[in-house]
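This report concerns only the one structure given below.
Think of it as A, B, C and D in the order they're written, each chain with its own count starting at 1.
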Amino acid sequence: MSVLEIIIALPLLAALAVWLGAPARAASLGATIVNLILVLYAVVQYGGKTGLAFTCSHPILENPALSFAVGADGTSLILALLTALVMLAAIWQIQDRPAIFYVSSLLIGGGALGAFLTTDVFFIYAFHELALIPTFLMIALHGRAEPAQRKAVAWKATIYLGAGSLVLLAGLVWLVLEFSGGSKLTFDLEALRNQAKLTPLPDAKQGQIFFLLLLGFGSLVSLFPFHSWAAPAYATAPTPVAMLHSGVLKKFGLYGLIRIALPLLPQGAHVEWVQHALIWMLLGNILVMGLVTIHASRLDDTLANSSVMHMGYIFLGIASGSELALKGAVILMFAHGVSIALLFGLCGRMRNQLGTLEYNKLGGLATHAPAFTVLFAFGAFASIGLPGLTNFAGEVMIFLGNFTEFKAGALTPLQWAVILALWGVVMSAVYMLRAYRSIFHGSPATGLFMIDPALSQRVPFILLAATLLVTGCCPWLLLNLMKSAL
Amino acid sequence: MSVFTIEAGLAILGLALLLVEAFKPDISRRTLGLTAIAGTVLALVLFILAPHDTASLPGFIQPWHQLDGLAIFYKGFALVITILVLWLTLECAPYLTRFTLDGKLAEMFSLPLIVCAGMMWMASARDLVTVFVALELVTISFYVLVAFARKSAFSLEAGVKYLILGALSTGVLVYGIAWIYGATGTMSFDGIAKALANPATSKTAALFGSAVLLCGLGFKVAAAPFHMWVPDVYQGAPTPVTAFLSVGSKAAGFVVLTRALDAFMSAGSIIGSEIQALLLVIGALTALLGSLPAMFQTSVKRLLAYSSISHAGYLLLALACRESARFDLSSGGVVAFYLATYLPMTVLGFLGLGIMRANGLGEDLKDFTGLAKRNPLLALLMTLSFASLAGLPLTAGFLGKLFVFLGLADHGCWGALTCAVIAAATGFYYYFKTVLAMYTTEGTDVPALSLSTATKAVAGALALAIVILGVYPKPLQGVLKADKAAVVAK
Amino acid sequence: MNASIPLLLPFFSALVILLGHRQLKGAAVLISVGSSIISFIACLALLAAADDKTNNQLLLPFIDVGHFHANIDVLIDKQSRGMMFIVSFIGMLVHIFSLGYMKDDEARPRFFGSLSLFMFSMTGIVLAGNLLMMFIFWELVGLSSYLLIGHWYQKASAAEACKKAFLTNRIGDFGFMIGILLLFGANNGNVNLFDLETAFKHGGPLALGSPGYNASFTTAAALCIFLGAVGKSAQFPLHVWLPDAMEGPTPVSALIHAATMVAAGVYMLVRVSFLIEASPLAAEIIAGIGCGTALLAALMATQQNDIKRVLAYSTLSQLGYMVMAVGAVAMAAKNGHDGAHAAEPGHPAMFHLYTHAFFKAMLFLGSGAVIYACHHEQDIWKMGGLRKHMPVTFWTFSIGTAALMGVPFLSGFWSKEAVLGVAFDSGCKVLFLMGAATAALTAFYMTRLLIVAFFGKPRTESAHHATEAPMVMILPLAILAIFSVISGYDVLATPLQAMKPPHVEGHQTVLVASLLALIVGVGSAIFLYRGKDKDPISIKLFANKFYFDEIYAVIVRVCQDRLAWIVTALERVFVDGLIARLPTAIVARIGAATRMLQGGHMQGYTFLLGGGVIGVVYLVVYVLPRLGH
Amino acid sequence: MITLGHYLVVSGMLFALGLAGVIARRNIIIVYMCLEMMLSAANLALVGFSRFHLVNGLPDYTAQSLVFFTITVAAAEVAVGLAIIVALFRSKQSVDVESVTKLQG
């Protein structure tokens, strides 16, 4: 029995309990708070260690070797921490909603925790799928749009994610077949890794498999051009679902690339055609989606598209493959998760109170809701990469990491991509400040005003904002968890 | 008590019930049903206790029957599905009686017992004659069962279609058997395998015979292009019969197919590669032709029929991939595993349909609207069933598909794998369309729907089976693993 | 003396105030002012600290991965100590001045919190021991500037102005970051200022003439870094935000948009002067941009009517001077004019920055006092005759004006002389001539301002009723006035480590030219504006700032908004269409087609079944064996 | 001399005719008769094969045993089938295959 098993099981059990009639809010909040404490305990325990910790394995099949195996290293703990934080915030901010909101939040969070904390490829995959179902249902059933429209949006997302998952499954199966060694098929990540170290594949083949995995994982992370599900889905999704999916669950694809694809296929991302394809795609994320975001005229659109856009930076870190950039990518995953969850949470409140998110109808909210404004500013400035908030640390590590191998006068394609990506930072400032200006600055629009949430309802947002500030000023807190090379 | 005796006993019990109903018409259907169930359960218990080796069979039957791992598994499978179908019939009895002559249901309780005996025999068949007889015993009983609700135009139409097409397939099957016999000079599977390993055997005749035979069997398991009857018959037949067809009849078809293919594709067989290619083509086609039309179905029952076709496609693909050294399960084992996972999810799905029917609801998608409000538990269980049918991880359905895909990838059958993946992706769409409907809340106030304790228990057990098979398949795999050893030994 | 006090004290002050000002109420102001005073005292102590150039003090860890370390560490040398004094001293005075100026503002705590945040960030830039840390605080001053410009965010113009300031700076930061990345790559992952300097100087691996030298790379890196300075110091073409930034409260304009933050660009350029010296082309471009900005801004200033805008353009112009000096020093070094040595003990740009900080801050505070007295009236044509109503303000303002114009023996005179001198030495006469022309224009528009606002008769009611500002506001004015007079002399410049260049011999031309410029400028202004009630000359081009705002608006609309619109449309049609809608449509179509097989007619079924049998037999017996399976 | 080939050709023709009839005829009774013809074709093939497959100089009778089973099964099929067809006729007053097309799609 490992603490990680409790961490995974707790939200799922709480979800079951709530569905079967337990008091929704109390049970969910209790479970998530305990969960956060457990995750923090694990984080503290892990300290400056390296390698997997808290491992525990229960075989469920012998051949192909499948086991329910948990274990965590720094990367997974950081993401588990992210999940616990966002889940708590997402559940806390729910107000006057049916129990299904709590259940789905718990399921998404529990699924994400399972995906991050298990070390068997099968369960990593399975938990992610588990978390997708409530996402889909909640968008289709409680989305913020007309029934027909929200169903269409939910379907779009589901078809994309489902197709992506299947491509991913094909890639994983391929990996398992290649790296299982002679006698037995195994899904155990560590065993696969060891085999990959012993007998690495030829580069060309690594490139092929990596590309397949990139497509699979990529469509889960809204990698351009497989992104068009994301923006409408987030704009439509009920607040806790938007927070959890964009903040946490989406990171699964990136986590998978870092955790599965890169160690098994170390040369995969460096095969020329794969790298070029990846660069084009991530630039699509950053530049095309940056412009699309600038064009958005509603806050939820802006946030949703920006969330797609920022994935490009994380892919940039993954494409680089240097340790600095990879760790930067992990930091940025954490940072983006917290900041986008904060923004979506606040956006949801605004929609509830104001009924509209159109920029040209809003204005001057800062006057009556100063605390709200400050909280929003944390999220907005974090997402444009302001130093002192976590996103900056991640972004700058990714940028720097791409320049560790440098020849004056001969920039590599990746380095050119970084320079273009930096322009994306300017674009994100453009749309975020436009949003901030139209919503909070100026004189209050007539008839549309809101007041600060009650203190207890501020807690989840304060929690997220404080996380951004603390880990932004001290990114080494997170980096300490990743002492070992990725 | 030998297994054969149990099977004979079941058939006799079936006949006895038929006679009782005929001579004592006022006997309540509940008594009849419960007797049938009790008999089957007893048979199951006895079966578990009985010795499990060929030597324990009566001497006269030994040349034609065998009791290997596969046979034991499918016999148990047949008993379980029969119990569930009988119980489902009881559950659906109130509305079924509206469509039968004189409101009688006796055959609905007795024929399944005979079908069960037939399926059990089929599982241990050693030669094509036994296969044919057992198969026809099952098929002819099904003609009756499908058309049983004869006051319903649908049931009658389904019966007619099943009858004509089934008889056609029987003709094809026998013709195929004739040619196999002609090519190999024997009817027994072992003999066929031996003859096919002999290069002197006429390849063309063997290919012709096996192709025609596979067409005949393809009909039974709903392989494309012999699957057209499935949606119509499944939709028209009474729900318990549909469940029986979908699980039992299909399993019976697959056990025969497994045996036949073991012979056709045994090591050194002169026709092995052609048969494999044929299976890949048919399997991929079946998976696609099952999934694609299902997207537009508005009748959930018909949708399940299409889903059943699609599953048959995966199973055929599994059969195409013979043993891999890296895999604990033989292809027959994978099929058995798949069917074992398929049983609870399909029966649960049809159980849900039956319950809804019994509560005066239809089988259309619109009838599912708001089910979660009517009865959250039922909605949850149905969700589980559909999720498993779609192949969602952590449910039983995923592992079966995973094994199939692993096998295909291991054999490098990328084209077939792609088709299967597309079919599975499409599957996600139509299953979750139904799930979505269940949780949709808008619309009119819907009356609550209550479940009896027994129903809850059975449905809960099925759901539990789905989850357990999904997360802890080790025991089941252990049972089936023995089979591979046997096959390899051969 | 530990440098962490001036850095961290304002940080905590800002944190406490911004997050809890509604609980703190009046105490917020005290915390902020108190922290600024303590910081100032700490900085005085710092002035006496030893030169510790080789060894960065580690303050806080930040990023630490493998062999890469980017920490918050401070580099304390002559430059940073001198700059620290300016920042903390003017910062403290502005804090005190704001006590009076912002007395009636409801959001006073927020203002002071932001001010503290600014002090924190600015200190960070000054003390930064590596480029990454500098970048971090570089962005943070941008944030505090954003908050302060947008202090009165209800006003649309302020809201737009703060956004514009931040975004324009972001473009600069874009370049700055690229520059950092290039240097990071070239110097093996080390962006420590001292290490970079070693690499680029004294025969280092990247120095001019060494085998590792790459001219285009060095120029690119230098120009990218310079782009950062262009944004922050509001150089052409990114100068547009600074005049708009005057929407902020006047003390903010004095502190941030005149004395310190905008000068950070210059400070940074001086910090990386080794890089600029390594690239002659970059030096020329920098000098050219600086000079151009100086002249353009001066021209624009001549036609402005808002008192703060005149000062803002003047700031732009003076910043251009400083930037020009940075480039010119590097050019002079190349020409052998011992510019390299000139940079060692002193640097004209830094010296001008130092003197300019005092008199420009004073002018802004003075204008603040005027605006305060005239009930937030900023149009100089609606003032007039303030000389009598506000004598102290008038006199201090005049001293500032004189210092700015470069009246001999005031501080501005010495520094302007140094700048023009090095421009002369640079070998490019155009620089010098344009610099001199700018000096003349400066004299002209400042005289115009002084005459119109303070002389003549009051032109409006509010000007008529203007009264002298309260003591808290007068006191900083007076102190700054004193510094404006004497700060150029060694008696102050040496202990304050102002990097005053040694007296440059043999620049008669420079002296003559600057005096001539002064006389021409002042004379023509007096001649044109004496006793006038409205502007006798009207040059649309200057009044409308060469239409930069309009041009940029078009660029933004076409290159950004229109492009965004097109890209969005294309994304919808092609990406979404090809990746999402088309495949689903195809699958749906196929699905619908396959349904047709299921027509319900039994003859169809039997036909398909029979056909299937024949097909399978054909396939198995004839096709497959031939495929070689 | 009648060889196996002759039997097989006749059986094949019978089978093809039966299949064609099943496909082409609309009357279910006739369709059913055609099905019986197909079974007979199979039986003929079986008997033929059996006759020409000599084990120890004697024909192999296993196949012929299957023929008996086939005949029995066919009889059973007819019994059940006709019952269903009669039921169909009762409800539709027709035994045309086109009378059962409700289930489709």
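Throughout what follows, contacts are C-beta pairs under 8 Å (C-beta built on N, C-alpha and C of every residue); 3 or more make two chains touch, one makes a residue touch a chain.
Given the structure is predicted, the values throughout are model-derived calculations rather than measurements.
Trainee: Between chain pairs C-D and A-B, which one is joined by a greater number of C-beta pairs in contact?
Mentor: Result: the pair with more contacts is A-B.
Trainee: So the centre of each chain is just the mean of its C-alpha atoms; given that, what is the distance between chain C and chain D in Å?
Mentor: That pair's centroid distance is 95 Å.
Trainee: Just the number, please: Cα centre separation of chain A and chain B in whole Å.
Mentor: 42
Trainee: For chain A versus chain D, what separation do you get between their C-alpha means, in angstrom?
Mentor: Using C-alpha averages as centres, the distance is 64 Å.
Trainee: From the mean C-alpha coordinate of chain B to that of chain D, what's the distance rounded to whole Å?
Mentor: 26
Trainee: Enumerate the residues of chain B that touch no fewer than two other chains.
Mentor: 160-161, 164, 168, 172, 231-232, 293, 296, in rising order.
Trainee: Hey, what residues on chain D touch two or more of the other chains?
Mentor: 19, 22, 31, 97, 100-105
Trainee: Which chain A residues sit where two or more other chains touch them?
Mentor: If we look for residues of chain A contacting two or more partner chains, we find 159.
Trainee: For this entry, which pairs of chains touch?
Mentor: Here the touching pairs of chains are A-B, A-C, B-C, B-D, C-D.
Trainee: How about chain B: which of its residues touch chain D in the complex?
Mentor: Those residues of chain B that touch chain D are 127-129, 132-133, 136, 140, 143-144, 147, 150-151, 153-154, 156-161, 163-164, 167-168, 170-172, 174-175, 177-179, 181-182, 185-187, 231-233, 235-236, 293, 296-297, 302.
Trainee: If we count contacts the way the header does, which residues on chain A are in touch with chain C in the complex?
Mentor: It comes out as residues 156, 159-160, 224-229, 288-289, 291-292, 294-295, 323-324, 327, 364, 366-367, 370, 374, 381, 386-388, 392-393, 396-397, 399-400, 402-406, 408-409, 415, 418-419, 422-423, 425-426, 429-430, 433-434, 436-437, 440-444, 473-476, 479, 482, 485.
Trainee: Which residues of chain C touch chain D in the complex?
Mentor: 595, 598-603, 606-607, 610, 613
Trainee: Quick check: in the complex, which residue numbers of chain C touch chain B?
Mentor: 587-588, 590-592, 594-595, 597-598, 600, 602, 604-606, 608-613, 615-617, 619-621, 624-625, 627, 629
Trainee: Using the touch definition up top, name the residues of chain D that touch chain C in the complex.
Mentor: 19-20, 22-24, 26, 31, 97-98, 100-105
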